[in-house]
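Heads up, the thing below is written out as structure tokens.
All chains are identified by letter, namely A, B, C and D, in their written order; residue positions are counted from 1 within each chain.
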Amino acid sequence: MRDIVQIGMGKTAQRAHHLDDVAIVPSRRTRDVDEVSTAWQIDAFRFELPFVAQPSDATMSPTTVIEVGRLGGLGVLNAEGLWARYEDPTSVYEQIVTREEGVTAHLQQVYAEPVKPELIARRIKEIRDAGVTTAVRISPQHTLDLAPTVLAAGVDLLVIQGTIVSAEHVSTVDVPLNLKEFIADLDVPVIVGGAADYKTALHLMRTGAAGVIVGTGADWCSTSDEVLGIRVPMATAISDAAEARRDYLDETGGRYVHVLANGDIGTSGDIAKAIACGADAVMLGEPLRVAAGSPAQGVWWDTVASHPKLPRGAVGDAPDDYPFGTLAEVLTGPADSPSGRMNLFGALKRVMAKTGYRDLKEFQKVELVVDR
Amino acid sequence: MRDIVQIGMGKTAQRAHHLDDVAIVPSRRTRDVDEVSTAWQIDAFRFELPFVAQPSDATMSPTTVIEVGRLGGLGVLNAEGLWARYEDPTSVYEQIVTREEGVTAHLQQVYAEPVKPELIARRIKEIRDAGVTTAVRISPQHTLDLAPTVLAAGVDLLVIQGTIVSAEHVSTVDVPLNLKEFIADLDVPVIVGGAADYKTALHLMRTGAAGVIVGTGADWCSTSDEVLGIRVPMATAISDAAEARRDYLDETGGRYVHVLANGDIGTSGDIAKAIACGADAVMLGEPLRVAAGSPAQGVWWDTVASHPKLPRGAVGDAPDDYPFGTLAEVLTGPADSPSGRMNLFGALKRVMAKTGYRDLKEFQKVELVVDR
Amino acid sequence: MRDIVQIGMGKTAQRAHHLDDVAIVPSRRTRDVDEVSTAWQIDAFRFELPFVAQPSDATMSPTTVIEVGRLGGLGVLNAEGLWARYEDPTSVYEQIVTREEGVTAHLQQVYAEPVKPELIARRIKEIRDAGVTTAVRISPQHTLDLAPTVLAAGVDLLVIQGTIVSAEHVSTVDVPLNLKEFIADLDVPVIVGGAADYKTALHLMRTGAAGVIVGTGADWCSTSDEVLGIRVPMATAISDAAEARRDYLDETGGRYVHVLANGDIGTSGDIAKAIACGADAVMLGEPLRVAAGSPAQGVWWDTVASHPKLPRGAVGDAPDDYPFGTLAEVLTGPADSPSGRMNLFGALKRVMAKTGYRDLKEFQKVELVVDR
Amino acid sequence: MRDIVQIGMGKTAQRAHHLDDVAIVPSRRTRDVDEVSTAWQIDAFRFELPFVAQPSDATMSPTTVIEVGRLGGLGVLNAEGLWARYEDPTSVYEQIVTREEGVTAHLQQVYAEPVKPELIARRIKEIRDAGVTTAVRISPQHTLDLAPTVLAAGVDLLVIQGTIVSAEHVSTVDVPLNLKEFIADLDVPVIVGGAADYKTALHLMRTGAAGVIVGTGADWCSTSDEVLGIRVPMATAISDAAEARRDYLDETGGRYVHVLANGDIGTSGDIAKAIACGADAVMLGEPLRVAAGSPAQGVWWDTVASHPKLPRGAVGDAPDDYPFGTLAEVLTGPADSPSGRMNLFGALKRVMAKTGYRDLKEFQKVELVVDR
């Protein structure tokens, strides 16, 4: 089925495809854009936009998490980020934003400040009080430590996320997190990832998660390829995870685990392609940098950009040709820029209309071409 | 037959090709350039050049529509463009051309002015009076509203064009345009599109249209890929539509519907490749910006660049290395630039001569290579 | 055998490869560089270097033609170029070289001056008197007119060259040149081309030519693709012509027609790849611009760059990072630049040594990889 | 098995892949980074890092050779480099580093100074006295001349390296080096290369070498492709050599010859991919230029960049966006740059952890995708 390439006499590799390699070619009926729905639901939570925010400090503060919720998406705060380390991170942001040189080293230093459970609780309360669906992200390494605090503070959804999360972590020193047991004991639904292939996605689905993140959250500022040699062709990874979703649905007689695409999604065109490959929703980080109120004022860094020993993402201002606007304009328009970076979900609706689909589940069947 | 690619376990895609991916390799006899004809005929109308103008306000005014007609092509005025909204759009053009920032927002504002039927009628009369074949474009959405005005004013050809037009538009609010019934009632021939695949092209042929537009009219300023994830590999799309033309010719026992290639055609080399893939004629927009008398003086915008909520094309001056000349020089030379942007149809004749073909219909059989 | 690609339902194309797409990977013995020979012989003429100069005025004056001959290659003067149009073209060159704008238009004007047979005769005499093998190029269109002059003046080899030459030119006005009859009547060997495929190459071999030129002489300044949609993937074209050479050798019981690769050869690496694909020798034009004594002092234009109606090549100075040197340094070194533009044939010897081959005919068998 | 491509009717080529064409996609368990080992052993010598330094003067002085050894790698001094030609090369380095123009010509002149055996002996003693594993490189051409000096001075490992080394060199003038006899007579283990294909790698293994170098040591400054048309797709070359290693292991009933990847390795991601393709260790040159104490202070040149007649590599400063640090930071971190050029082997450990492997031998089995 899949194309296997002979790298050399001693090695084969699977042929894999990026979102950029594929395109949507309308080939069916058309439909009124007003009759298209982009709504999706995970567990008891329904959202008008198939959109979960990447829990990066560059774009997610308690304020922007709340705003995302109000606009129809799911904001996620990083329970190990600046808002959990500093009473008031305003001046920390200011120093990062105005820094001219050595920004990575500065980030490393700023993130050396310990995480404070009481701050996590306070941030969660702030978001809950605003009345939106409340979600925070914790890393697999700190899940056992921080989960009690987070759960006690009353989250609606828990996001357990690392660059790569496997259902089988090996350690001879620590007792590794047993995701299956951990999730079974929880009352709140869990979103877990990232996974990059069919098998890992399927294993993570079997942990009882409500959603599985596919991809490492790479964007054009990421250097995971240069540093680790890891590059996840997202069209292939999403499609493989969608197959795992179908197989798991069959093996459980009806449990539908959502696939969240996280990586290489910078424009509304990318969002459409990710859904077309089988995603139920997308995670967005870097594209939110241009929203007014973004705490880092347009500067962007990925979570791994501040790694103490092995940073894996560039930090810097938005390119000059990026359009800026309100978060509402970024998400639902109207756009006054043709860049694909404004009115992200208005654009999704329009391509669904131009290809004649009514909802996301149907649109996952749209035909694609490969032309690169 | 067609190469099917496995994107992932849950998705396949067809391999598709752009005009840039193919090249013409002479492999037969050669012929005197003076013995080559580029003439074509649609319905009762014969043209020396296989060329229909894209109905963009940036290049098509009543004056340039007439000039195109006199030089052997078919000019098309947009019945929903600036000339239908403003008594005298001169100052509107001037404001667009001299604008330094926020051009897209300015376009959106300018196109918010309502369309005035009496202006449409006046523009059509001006063109008719000049004695050239008269054609205007209306959108599928406004066809039922505007067609009476347009027909009463006496057009020779009607162009019903949207980015993507299907023969089956779904709407629960409005009664959608039934193209087949609409065209059957008309006395003038209709050109309709764009279509992007075999099935849509065939369905549009079955509406009774005289010509079908293939492609969305994308050029290098378009951002349809970034905004919608839609990208039409034109070599494949044209070839598929040409097959629909053959199948429809067979099913009707002889009705030949013309295929007009509209997209990714910037140079004379692209024109030759589009015909080689099976097009009967090409639509040109952006390449006309360099013609003296172009109403926007070299500035170019696609029709969708002014969309009120989701603009999908950049607006701006021609690059510094573009050659400028009269419209006659652009179309039939002589060229004093090696860029492929002057003497567009003189170049077409020359490549036909170098490959030994006498007319366009024969030249559709020329051999191609794929090298990208 | 050859990979056939389905462009769309109505069109197929052959997959073809450029010299850039392939690379030489040493996989055999190695050899002392001093024991390698790059000599070749066409008809009675033997050359130390497998190198024929493109007859471009930018690099070929009577003086440089002679110098090429003395250094072991075959210089070729254009019998329809500046030296045949102007008594003393020095000031003409000076005007081209110092021109800042409108160079193409200026070239067109300069080449409007008629060709003067007496000048052709005088140039040929100058070259003959220097004692080197004497060759001039005439176009197929002017072969019948100019051949008497050229032959009377005493050339050793005649080059009949156009962008694309077929053995079957169709014209209803003129009596086209019958190459087979023309060559049969001649006493001097003829090199003819360019051809771009197997069949044309075979037909040209059957005219009785001693050598067939493969390719259109494109270099990175050429715009044949933009203007005509013609692009000749040289690795494929050379390999196809080499097969024609083998088939013709078989059908004639031993007549070996030389294949001269003409296009996309800018560096010594390209020369090696062209021979590896089956060429007996290469034609070089643009790479000679950096030689001291080049009449246009580093400015380069292809023959078709001055076409009166459809110029197909840019005119301009050499890029800043080009190395300059004597013609001897360009051809046989030593090089003090790592650019692949100096010591072109010393490099060829070295790659032959690194792959263990003794002469060009053996080296045509070297193994290649495709990696692009 | 391997994909064979028809270049033209007369030539085929193998499809080959670069390290850049492949990526690692985690698809298995994960593991604690502290439980991963990158150690390897060749003959009696064990190293914590799978890293052998390219013997380039730009980065390897006796001091840096010693430092590499202390940090866990194998430094290699060029016995035919500046330290063997000059009593004190400090001012020679200074002239190269401060040179603005004509650097290649200057290098050629500097390397015209004869090699002095007593200097080789002195450098080897200096390294030995420091207590690290001592290795020098000699070229195949000078192996018979220089080996006595080198062996008498007491090296631990001998590196016999040229761009391309075959087990069968043909010469009618000199008696070529018989590697098999030469190595059989030695007491010290030999690393030999470069090889670029399965057969040459196998033949070199059969000479009795302890390690075989795969690749020509190309980096982004190399111009071997432009000059010679030689380009070694390393993913394929490494994988082919790994197959030779397996076959040779079988044919000898247990002799394991190490495969050292040498070429296109600029970042930690490249290191991971090289091991993933089957390498036992990597050779690094250009990446070391940014280490404090590098004798050429960031300027880099490959050994062949100073070739007297045919230089094949550019000489110049590091790009502005390169990070600088101590050699320890370059090799084992911590990094404060996300470029993939710091903490090279910390990154290797991390990707091994993220894919769940404990040691290098296991990690050679990691799954790859091809996406370019």
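FYI, a residue touches a chain if its C-beta (ideal position, glycine included) is under 8 Å from a C-beta of that chain, and two chains touch if they have at least 3 such contacts.
Computed from a prediction, not measured in an experiment: that's the story for all the values here.
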item: Contact distance in steps, from subunit B to subunit C; value: 1
item: Subunit A onto subunit B, rotation angle from CA fit, given as a multiple of 5 degrees; value: 90
item: Interface residue overlap between copies subunit A and subunit D, same or different (over half shared); value: different
item: Farthest chain relative to subunit C (centres taken as mean CA coordinates); value: A
item: Chain centre separation (subunit C, subunit D; CA means) in Å; value: 40
item: Between subunit B and subunit D, centroid-to-centroid distance (C-alpha), Å; value: 56
item: Residues of subunit A whose C-beta touches two or more other chains; value: 15-17, 236-237
item: Every chain pair meeting the contact rule; value: A-B, A-D, B-C, C-D
item: Of subunit D, residues touching subunit A in the complex; value: 1-3, 15-17, 22-32, 34-35, 198, 235-240, 242-243, 246, 267-273, 276-278, 333-341, 343, 346-347, 350-351, 354, 356, 367-371
item: Of all residues in subunit C, those that touch subunit B in their complex; value: 5-11, 13-18, 21, 102, 104-105, 108, 163-166, 168-174, 196-197, 199-200, 223, 225-233, 236-237, 305, 308-314
